[in-house]
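Chain lettering (A, B and C) follows the sequence in which the chains are written, and residue indices restart at 1 in each chain.
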Amino acid sequence: MSEVLAIRDLFLRFRGYSGVSEVLHGISLDIRAGERVALVGESGSGKSVTARIVLGLLQELPSAQVEGGLFFEGEDLNGLSRRQWQALRGTSISMIFQDPTSSLNPVFTIGTQFAEVLRRRDPKLSREAADERASTLLQSVSIHDHARVLGAYPFQLSGGMNQRVVIAMALANHPSLLIADEPGTALDVTVQAQTLKLMHELVEQSGTAVFFISHNLGVVREFADRVFVIYRGRIVEQGPTPAIFENPGHAYTRALMAAVPRITGGGLPDLNDSEAAFLEPMVVHEGGDA
Amino acid sequence: MTPLLSLRHVSKTFGTGPRAVHAVRDVSFDVTQGECLAVVGESGSGKTTLANMILGVFGQSSGEIWFDGKGLPTRRTLEHRSAIQLVQQNPLSSLNPKRSVGASIRLGLDVFGIGTRSDRWRLVENSLEEVGLPGDFRRRPPAALSGGQCQRVAIARALACQSRLVILDEPTSALDVLVQARVLRLLEDLRRVKGLSYVFITHDLSVVRNVADRVAVFRAGELVECAQTRAIFEDPQMDYTRQLIGAVPVIADEELKLRESLSGGLPA
Amino acid sequence: MRRTVIILRRNPLSLLGAVLVAAVVLSAVLADYIAPFPEHRGSVVDFVYFNQGPTARNLMGTDLVGRDLFSRILYAFRISLILGVVVLAIAPPIGTLVGLFAGYLGGRTEFVLMRLTDVFLSIPPLVLAIAMMGVLEPTLMNAMLAVTAMWWPWYARLVYNIARSEREEGYVLAAEVIGASTLHITLREILPNCLPAIITKMTLDMGFVIIIASSLSFLGLGVQPPTPDLGSMVAEGARYLPDSWWLTVFPGLAILIAVFGFNLIGDALREILGADQ
């Protein structure tokens, strides 16, 4: 089975005012073609920086030291030039961020931004052809009045509409990997649920692998095939989604699950504050070949 | 028993004429002493407008708000201000970054004249200890505190003001799930011990299920459904309530079953 | 503190700024002791040594009436700094109060205060100063007045913008819910959050005030002879270029050093105080 993304023993250190601090202590992770893999953890656990490293954004920072293996479709990403990274982003690797409205440029219409995205892959694409392709893509995310949407500015559309636009754009160039960093967290619950369902269907159709970053266990359970749980820069548990949720093996994962309030009631959880146990070695669940 | 807080036909309109926005329309509900009422709704449902009217940030366009058996004027007396307090969503921004957390808590004591001058720092420390923080945290700037600790300070500020009704405006939605569990537990304990009443504004229905006595569901400024928590989750009367429950991401099988039994499903 | 040390070490230019400013301030304060010819600050005529280039006796040469330029530059620093300190002691507080109340209160207060600010901002600063000096007598006192009048609106704008965004912060709502007074909210809650930006701007402005003051006296509107002033020294010497180059080059360099120093320090302060407004 071919791996779209492989991270091997990745370290990240920041040089700050109070010396060097290590944010990632050697994490390894792999995503196979067409697979949906979630990296779940709390704020400050290192999940978002991991996404940024895969996108090559952190390597540009002078204060960041990135070390470890980073392979995309078998190709070593370390040592890629700035220009090569840029060529990769938006074509073979695309991304969706937390707030759809702020990730679109407010001074250009959706149509203009769509054309720009499509020209990343096909620089000579005419505006008419781009609009036509964009219309088809918008239809795939259940936007039927595409003429109005293409002519609109992002602030004229609702958050849910923008989220659909962002998803359509992210999948426009048939990427083999889509990185979704807390998608839809800024949206209302009903809208978030709809767009996640939509994204689920689309990536399944197109066979795009998804690297899904989230803090929300419920969303992860509904979206991912495999789960990596990260705690303070270390992967503490990994495995197929059902295994993780039915039989969490690591103390930290168990604490996380216990802390989530249930809609079936049962009151607030009692937390035993044994954070020392969170540093126990990694638990790996076998199986889960997609 | 007279309810602690009563809203009767309260409406709020911003602007006039064709551009008027009806943020809240004809809303009536009660909160009794010691009760936690959850106010649930999505963005634009009028939750925050409602909170601001109860707090007296601005007045209602029509209708009446009663507190402890008396009508509340828009210009609040000191007594009313101290009795109704607020805990906001963003833990960091609700504390002034340039002042110590103790100074932020003490402001209420100074304004309301609670305790003697020399006594107030001790009262500040007491309220910090009540929310599970060491008293000497009062000297710290907010930047030296975690999100959960900041939220505890905001709760301590409400306690120090001797408030009876606390408006909790998404108090845990910016927190990590482990921290959220502890803050919710603290709020629950304080309610029991001190007989506080809460108006708990949130969009997170799984939290609501476990902390609220009653739930008021809002949509576009209107009260859609208001009932006991159990009834809302097990036998919702309105489609919109079903939709909201159907959209909650869940982690356990029995939760999935509950969601499916409501079968509201998602709108296309 | 540690942060400050690291920022300073990482940015050696700020250290240079500190050295330059220290040198300027020290020479202004200690001019009486350093200057080889302290009496040359006033009207002294020395026809033996007039209009001479740099020598061991007169490090920067002498002017047209034989006064030691080096001594006069030291005293000119003193005038520039006094001017700067006075302007920056009056203009920022006025502008800050205007901006704070306009930004926090909004509505009619904002309209009146900020349109007044706009009126002052719409007049070119030098034109305003020239007009004022034309009406009033061209004295040091009036020069300060003129510069102050054109300086406070910039602080009003700066503070207004910060106050407007701070007004939306949760801590302001929290104070309002408690019922804190407007004075408390503006001065005790919002003002501390504006201070880093104000202090940074004041440091940068020290250099600009020196330039403006020099421009005024270059035009003959500022400090009057025989009081030494960098701007009028440049103006006077400009007529004798290029032969008597020292008459303009040394006072010009002095202006450059002072302005450059304050700018470097201002940049460092911006980073240390985190005031990227």
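In this text, a residue touches a chain if its C-beta (ideal position, glycine included) is under 8 Å from a C-beta of that chain, and two chains touch if they have at least 3 such contacts.
Since this is a predicted model, take the numbers as computed values, not measurements.
Most remote from subunit B, judged by the distance between CA-atom centroids, is C. Looking at B-C and A-B side by side, the one with more C-beta contacts is A-B.
Centres computed as Cα averages put subunit B at a distance of 50 Å from subunit C. In whole angstrom, the spacing between the mean C-alpha positions of subunit A and subunit B is 32.
Residues 42-43, 142, 159, 188-194, 197, 215-219, 221-222, 245, 255-271 of subunit A are the ones touching subunit B in the complex.
Residues of subunit C that touch subunit B in their complex: 169-171, 173-180, 184, 188-189, 192-193, 195. The touching residues of subunit B, counted against subunit C in their complex, run 55-57, 76, 78, 81-82, 85-86, 88-90, 93-99, 104, 107-108, 111-112, 154, 157, 161.
Across the complex, subunit A is touched by residues 42-43, 147, 176-178, 180-182, 184-185, 188, 203-207, 209-211, 230, 233, 243-252, 254-255, 258-259, 266-268 of subunit B.
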